[in-house]
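The structure that follows is given in the form of structure tokens.
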């Protein structure tokens, strides 16, 4: 693999698919700005004071049109930015081109190999000899992971010269991570140590947040982290309403299948699963949920959904969607029993919910690529096929364009606020090497920034009413444990 | 007021409307048992060991058929029980009769005056000379309030002989509370002090819980409290799905109005408001939400609801429902501007959301009682009327029969588990004078007990999967802050 | 049976349950008037010209509050009216009382025996020696049936003196009809011949209309008939939206069951079935439809409903609703296999959809009346029970108050317009002894009369646009075969 | 314009965009076959007997993947086929390539000019010297129109040598039609006379059907026509459920806009409008309907939708969709008042619902093409833009891929059955020069062919039940006027 970094005339580095798409990207970015009132009003509010002046920010987050608006909000507030995508299929190439040309160093294209993916991640973290970024915007935690694994390897290497051994794992992707770190060690045995002085990461997704809490529990977290995922205006909006929008979008673009009348199995009934199940039900499908958690299962039942196990329904359903954040949900043995042309896809962050390895290595299986990210896999015994979307990865980003701008404006305004906070408090010691959630008044502010666009008017509490329910007139209005 | 306590042949005290309805009550209790799998399986699981043996429990909670099943579960587990309702209109007289005859001391009937209401509360707390109850099951906190106010008054009285002065407040209901305490002081100046040694209260409702947290914050809480309301299987079920069921039920029984095509205003979009709005939308109404909280407002918008202020829509809407837990939501000045025969009702716990005092004292206003709990109020200027349900009190209990058995089984299983816990730990010091929430594994257990009845099957985690997401195979499955 | 006709002080005949409920009835009638803009605007439009002056109208139609507004619209337009209910459980006694006291001769009460029912029908048709009514308002066709059977019997009797033999049928209800006719023949052998000169009937319901078309096909129809059921503003509104409202209403009043989470089987997916299925789905049930017609079945599938046979699901469902207009839908053999406390009810016009005879005569079966119209039937083998509503008759009228006023205003405005038309054309020969449907412009007018109440504004066609789609600017806008 | 017909190696004519897409087209056709059980089971049932042997069929119908399955069903039954699209944007080029290579003469590509469009239509009708097709499959009626206009012109020309004058109309498209006919007249003055001997047309769409009924009324219809649109399994499925699927699909592909929270205006509430409104409501938009017909307006209200005029809401809504089949619905004057980036689109057959001419000629207006079929138009006064999809033409076909296969299988099975019928009866005189609807038992058959794929099971009538409701056991089950 010999990937070359390119440079704009102004000298900014990048590697994208096709720079000629920058104009098209710019037009769609302009459309998106109108749909992202949270970010745009932050530009108005904070732009003049340049609060991110001097901050070097690395982002590892789907390089889409919406992310482009986030990046240009960061730069509008003074930051310098380097970016990679956090999924091999999620980049929108015209968005990447526009940003690379106009605003930030971008290393991302749709359809990266895993090698290319981690090369991009490394490039985004590479701020030259001075060390790494000041701040990270993360989604899924891969940038954070690379630094943590790098630091760990450097420590071992320093102790006794042992290099990481890619063959020590049979996880193909982790082999790549170890290779990158090993190769880096030879050049600069302190590379990741120089990075770890960073001021913090803000993390976007359930899966990435889970990793952070584990590191906090183990005492291995190297810098402060803000859990943006658990802002109400993130997890109860992006996860729920975003997926409600983008699951059918992905299904329709990839397969044109009529959803009405079909049986859809949604594995998992968390926020993402709730959004997916709602979308399928509304489109006229009959929805069956699989769950491990009795509370979520009871919620599904209250909405008229059936709760069964995958085994109960595997041969009757038409559409299977994994949303669990767990692994080994749909195995090749399930897939063999499915109806001809059943659709199998994953909308969870990582691609281990569907047993792609089992499928690929199934004896005699035949893969027919209908179009990119839409494959029909035919089993030899039955000559019957299933359709797998986005190779088992995030189907809404692989097959469509991900969540729409408006809901991403909620998520990304949280990201922005988290970045502002981490930078502002970079030397105050306010944030230790722990995981934090944004305070409720900021969460409410994010929501408030999005009401006007939809024509909503809020009711104002009187002093008397505020006292009666013991809240400030201006909020926050709910206790921390409130569930919305 | 000369109310007389009556006695069954076995000597148990009671005061109900009509003992001849006991058979009818029994039949409906038997139906409800089939719909309340949580309580019934607790009877099977715990009945043999009689874990509540010796416990004297006072309940202040709507004396309905569902509550009857709770009471008889408490007695089946060994407790002795005295009961009153927590709302003047919420008693189902046949339920009260059946329980009074067969199981517990009941003081409750539909249509109590406020004096009668507090007399009933006093009776339910009156366990004779030995003092009060060991445990309280509370809904809205009136039993807890009476004890706290009583203790406060006794302390003042002990200090300097000052008696509480009912004229010190212009809240008509609180005047009655003070009168009762004052009169009690003359007989037994330590009556409430004898009660306060109790082992704890489990509280059911948002409003009551708020009072408890305030007392905890002020340091005035006299005994441990378990906040049952914030169990997921309570607030996200009873409040949401219960109201989704019982709001249209109450509207239809009270007014027979066609909901389809109408404009319904839901004040507040918390769990109760969400249930109400969903019910109205599903029935074909156009729904407008009023909110103070931008996050809840944005949730309403994502469901296609309009968010405006009451002033914007007061003259165009057909149905107004308050769900806020706050006061002064719909004032007489709003009511004057409403369309002829607009329906005004409250489904929040307390009756101060609608300005009934302003309405009653409006010059020249005329009240026409269509039937009990359904009044038409005609304004003199316009000769136009509005229809007020349940005199501004809990309309689903005043005009219909409250939430259905199945969802109350979730709530009451939480109550039961809380009572078991408080009694079991009564001498261990585990619970201080604070407010507690039940641990998540019990919350999940409550849900699990309700799945079989609905034909659901849970998926089991493998060891490998459980490790991957860092949860025990048997749960609990979610972090404390998870919002469902 | 010795039923006595009573008389008001003004000499009008009646037989109702309780005249003291007249005031209550009047209050609810006044509420209903506000919800019935179609009828009320007909009072304004036609009242002054008294177009029904001299018309003697007999109605056989559920004697509810809504019907009361229809009756008083007929009298406001000049008619003289006699009325009975068309179902033994559907009368609202306060409505009957108010009408009997104030407006028309009423023979109806809730809970008639079948003998009483047909006695009432006879009374409503009895306009004294001069013969029968000029016009009939029918629902289900019982008034029309009695006249047709009467005439047939009189012809046979005239020919050879044969009297009808009640034992010639094993249908219990038809035995009563024959008995009435036989007894009438002895008194007046031309009684029904005198009636048949009437100017027409307007019929309300799918079932009644089917009878009329059969008589038309057989050439036995004795007078013109207007099929009001197939006005769009009747069958696509009352049948669909009416049932969507009144099915859950009836279920909730009768059983308080939580609908969410339950499995509901709807037999039949015509307009009534569509309304019922929508109601159950919206309330959170999982809905299974049974159908004979592949088109309706495919419609159900497109809405995400499952289509199976009753046999497939009889032991798993919680709620069974028949809407077919056919007979023998749920047999006692099905009922034996149901879950304990499964609810069985019928919302079709006639009570032969559920095998009540089979149930009543099942060896060892036990009937436990929870309350009127709610019976638990326990099978001896299993000691398991099912709950039958309204004895298998129209559950929404037996257990609740039927359809709400607004949608009945659509239906009844069609009835009123049909009556006006039949009376106006009584001597022109416009209507032969056939079944007619109202012209589309009247159908559209009925709809138009109901828009203002709901705040709707119509768009006006320009001349140019009207020409382009070849319709008059003022409508009608659709071809006759348009399905809406 | 010098378009050249190309030929396959086997000598079949075609003109498509890119023959190299044929393999891709074939793969998607194979997927679609699995979703089109109606057509595929007709292949099994009728294929062996080759009932269309000898028939020359011209189709003018969106050249999509689904249409490809129809074409190959026609050829599988023995027909010879020539095809063009009926909309300049609706061709899927890979479908056209696959059919051109494998099965039929195709003249169609995405993005034709109007000249090219009519050239294609001419080619599809051109069966060589022997005259035109035997049968036409039409959608919108353009093929039928061309023949009728051609015959009319030829008659005039024969009489006095007058040629059609393109300048006699200011409709740009009709100018092209006249030009084509004029040019044809010079070559062959009997060209269209030779065509008119055809055995019939089956027409697909509301708009085309309306034209046919007008010609029938004027006595100008030249051959029999079967109105496929008014089969229940067409208009109540394709129009309703097809649009419910493809409207959001088109919106999402074209603009990625979040639908939840937005205000959507649906102009027209016929079957198409009902599908569109349902889709927008389900996706979380607030829906406002405009209507001229009070019955449809009342239906919208019963679903909780608001009914207003376009003027009332033009400046507040976010999405505008025309579904009326009428013209001049959204004028440039409306567009000027819209919010910035409001989306304007049409899902009706013809492109005159939106005033594109007014927009294009608005002084100073600027068109910015975001991507094909997505244009932003900026008004000079406000610098505010609106987004017009598919240049005002059918947005679901222009911006997405039209209706999904399953629902098109219903529509196309009707088309197929109509073609079979017209061909079978070509010499029996059964069909006169009139418009016919398929008999109900065929409509029911179409539905029945689609049930198995969705796992449905029908209930069978007993003989006794069939007699009771007077229908044959095997159907048809409903009277002709039944509305479903």
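The chains carry the letters A, B, C and D, assigned in the order they are written, with residues numbered from 1 in each.
One rule holds in what follows: contacts are C-beta pairs under 8 Å (C-beta built on N, C-alpha and C of every residue); 3 or more make two chains touch, one makes a residue touch a chain.
Labels paired with UniProt names: A, B, C, D = Adenosylhomocysteinase.
Given the structure is predicted, the values throughout are model-derived calculations rather than measurements.
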- Item | Those chains which touch subunit C (Adenosylhomocysteinase) and also touch subunit B (Adenosylhomocysteinase) | A, D
- Item | Most widely separated chain from subunit C (Adenosylhomocysteinase), with each centre as the mean of CA atoms | A
- Message: Per the definition at the top, count C-beta pairs in contact and tell me whether A-C or A-D has more.
- Response: A-D
- Message: Rounded to a whole Å, what is the gap between the Cα centroids of subunit A (Adenosylhomocysteinase) and subunit D (Adenosylhomocysteinase)?
- Response: 40
- Please report how many Å separate the Cα centroid of subunit A (Adenosylhomocysteinase) from that of subunit C (Adenosylhomocysteinase), as a whole number. 58
- Note on the structure: Contacts with two or more other chains occur in subunit C (Adenosylhomocysteinase) at residues 241, 260-261, 284, 298, 301-302, 306, 454-455
- Item | subunit D (Adenosylhomocysteinase) residues touching subunit B (Adenosylhomocysteinase) - in the complex, by the definition given at the top | 260-261, 281, 284-287, 298, 301-306
- Which residues of subunit B (Adenosylhomocysteinase) touch subunit A (Adenosylhomocysteinase) in the complex? 210, 213-214, 230, 232-233, 235-237, 241, 271, 290-299, 301-302, 306-310, 312, 325-328, 410, 437, 443-445, 447-448, 450-451, 454-462, 464-465, 468-470, 475, 477-481, 483-484
- For subunit A (Adenosylhomocysteinase), which residues are in contact with subunit D (Adenosylhomocysteinase) within the complex? 24, 27-28, 31-32, 34-35, 65, 241, 244-245, 248-249, 252-253, 255-263, 282-284, 316, 340-341, 368, 370-371, 376, 387, 400-401, 403-407, 454-455
